[in-house]
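Below you'll find the structures, each written out as structure tokens.
Two complexes, one shared chain (chain A), two partners (chain B, chain C).
The block that comes next holds the complex of A and B.
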């Protein structure tokens, strides 16, 4: 079963390694990981997607509690959170194919952010599922390069400030 | 000096920990990190932002060469690559403030992706600098929660397929 975890950490060297090694020791692969700043300059937020049982998740959560510089751990439940991801994709686009590609892009609200003689770069935001659909759609044209951020999420605006099952509150 | 590194890795447990520990051992903090899928299902792409000297970067690059499951390391140079980041921000928005906030959002092509009785969530894509400007602009309204993906990038469409200084080609 797949889970999305949101972890607030102090912005210190080593904290990311301590988190990732928790998963490695158990042989779990982290499918996606995004680490970026938050509203507080000394705090970063780690969003990770992992595939493990509910039982394993609880075990990992208990161990995360004990890690230095980990402030808070919550799970972003599918119904309670809004999840988004960013995709940049460079697609083969000779002049006679550009118009067709751009029409595809319009359907997904994709923006063309760079255009060369035989390629263009799309920027697309959506749920991970939407990005996969877009990828499949442009694949026949020839994908030269592709990069994705991994998903991030927030509890819904209509819910309480910290929506998502709170797993741990350290301080 | 800040650098953006793009690292292609085999999608195996442990590779991320090996990369992050390289930086930890040298006491470098990773400012942002994004790990997501690529055009190949067995390969992930790690984009990281670090603050270190050119000399240290070259040292780290040499060590990365030796890591298991690391396929390719390149630096995304500021002029050669297009960099983007995704921000989700939940802002206090009572009904009488909504219109004003949405006008701010329009300027940055921000989309409202959720709306509650007293808050809304913006989704914004841009360069990391643009996201910081947007953050400052909505801050006076009250930021309830904020999450960013960390930057990702691709070599320009007008450049060669693998723009960016290639640091290592392992296979």
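The block that comes next holds the complex of A and C.
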């Protein structure tokens, strides 16, 4: 089963390696990983997508809590959180196909951020699922290069104040 | 106060109350050793191998309850500490390892004796630091000691580049740590503790399953109160050995692969296990699905990650065991209100009937010295001494030591449980002696184990830390031999070491220790007496029967009740170990 974890960490060297080593040890692949700054300069947020059992996930969450530089671990549950990702894709676009591609892009609110004689680059922001749909639609046109940032997410503003399931630690 | 980074390291150790460190110098840690030469109250014990230094620090920590400190240089010095770090991680031993690192400008360039020791040790430390600025030293040292000994104890590593040791700083040791992400549980939840007490009160056949966490938590007094007030039988794991007096009327032995049959029966026929700082290790449970099938579980631990890791807990309590066990005891007394406290007597009596029915047994056939008989002699010869600390290596001798050597107090049995590190015994004994100079420290070792770290005899002799090493010399890697015998149709493969090479008594003499060789039954007691009275490091080479196997045994992967028992021969000794 797939899970999205959001981990608040102190912005210090080695933190990412300590976190990922918990997955590596168990042979789990991290499907997507995004790390970046937050509203606090000393805190970064790691968002990761993992395919593992609920029991393994709970174990890893608890192990993560024990890491000295980890401040908070929460799971971004479907429905409780907003998830977004950014995609850049360079598509083959000879002049006669440009119009078709660009109208396709409009449907996904994709922006053309670079245009060459026979290719263009789209920038798309959306849910990971939307990006996958877009990718499939442009694929017949010829994808030259593609890169995605990995998903990031926040608990919904409309949900209870601390949205996202916090690990229930009995203390 | 202005000083060099190297001096700041020593001032930090002094501020932490460290009286002794174990280490070996080398290039990248030279400035710190120069600081030793300038003067400090910290005693330095010079080991012969960094692995030895690490295990000494572990032995010191386990015997004293304080944080052990090991010191090594970069590269190979640091990698030689990896085994002790992994061992301390598995057995939750508080350990601070300080390593020198190559100069900051050389890091990442494959410089001489460079290795990424913080990277290498990530999966086996609670935390580690590569100190990049001399001004960080005091805060890092403060945090290192704090993390090693708070929450679930364990190892930390501080890697300090040579130029950082040589740089100048204005030193002051902080009073507080600044660790926003380090919040070990401070208190077990009262509701959970009340719930746990209710489950215990309602159980018919409860067992306290006690692990090393109880000793680390300094909660053995609270455990005893709990057991006595509820009249609950107590089983201690290898790491928990000594947490409860082994001559106590409620003591019910040791569980697992080489635990007595009656202890395993008690554990597996219980209807409630109260796990106290124990982690359902596979050497205790055997096949997990078949372990204590009828038992509910109350799990008390400082580490939330242990709850439900292997066995579901019906009532989890996360918190420091000293408080949790104390509150559980008083809650249980309240529930029992004095008069129902004897309700488990039938169960306790049943366990002790099993004990009388299934004692530990071994063959007394033939002329050769039996390893179990050596253990009995060691136990008898030391029974009237107040302060005896046993250390062991790993293997058959370790299991016999568990079965036959009785500990009435915690921190008297120092062994490598989780990692199973052969060679742990001799250096751990040196460290234990450093922690408890008045104790009689006896390392029960195997011949295979001794050959891994026996060079630390030199440390024992030269540092005036006298120990007794009782080598149970069967000429084999005994436990591997046993597995090949039982599970590989006795096809022995690469396990024969020979009794005589090296000649351990001569080797001991070469190290300046006393060496005694014993190959007849009549010599055993005299040799032990001689060693106990020698007042200096002594090695006894007990040449024992190589075909003697350690029973009972639960084969790996089998359920605990499927244990293999000793088959009685013509002449057998039935030993009621307790």
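Methods note: the second predicted complex is superposed on the first by the 167 of 171 C-alpha atoms of A that agree within 3 Å, B and C clash if a C-alpha of one lies under 4 Å from a C-alpha of the other, contacts with A are read in each partner's own complex, and residues count from 1 in each chain.
Just so it is clear, a residue touches a chain if its C-beta (ideal position, glycine included) is under 8 Å from a C-beta of that chain, and two chains touch if they have at least 3 such contacts.
Since we're looking at a predicted model, the values are computed, not measured.
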First, second, both or neither for A:119, with chain B first and chain C second: first
Contacts of A:58 with chain B and chain C, given as first, second, both or neither: second
Chain A residues touched - chain C or chain B, whichever exceeds: B
Chain B versus chain C as contact partner of A:66, first or second or both or neither: second
Touched partner set for A:17, first chain B, second chain C, both or neither: both
Chain C-contacting residues of chain A that also contact chain B: 13-14, 17, 21
Chain B residues within the chain A interface of the complex: 6, 11-14, 16-17, 20-21, 23-24, 27-30, 32-39, 45, 47, 82, 84-86, 88-90, 111, 113-117, 119-121, 123, 125, 135, 143-150, 152-159, 161-162
Complex contact set, residues of chain C against chain A: 118-119, 122-123, 126-128, 130, 143, 147, 151-152, 179-182, 185, 187, 189, 192, 303-305, 307-309, 316-319
Of all residues in chain A, those that touch chain C in their complex: 9-10, 13-14, 17-18, 21, 25, 55, 58-59, 62-63, 65-71, 169-171
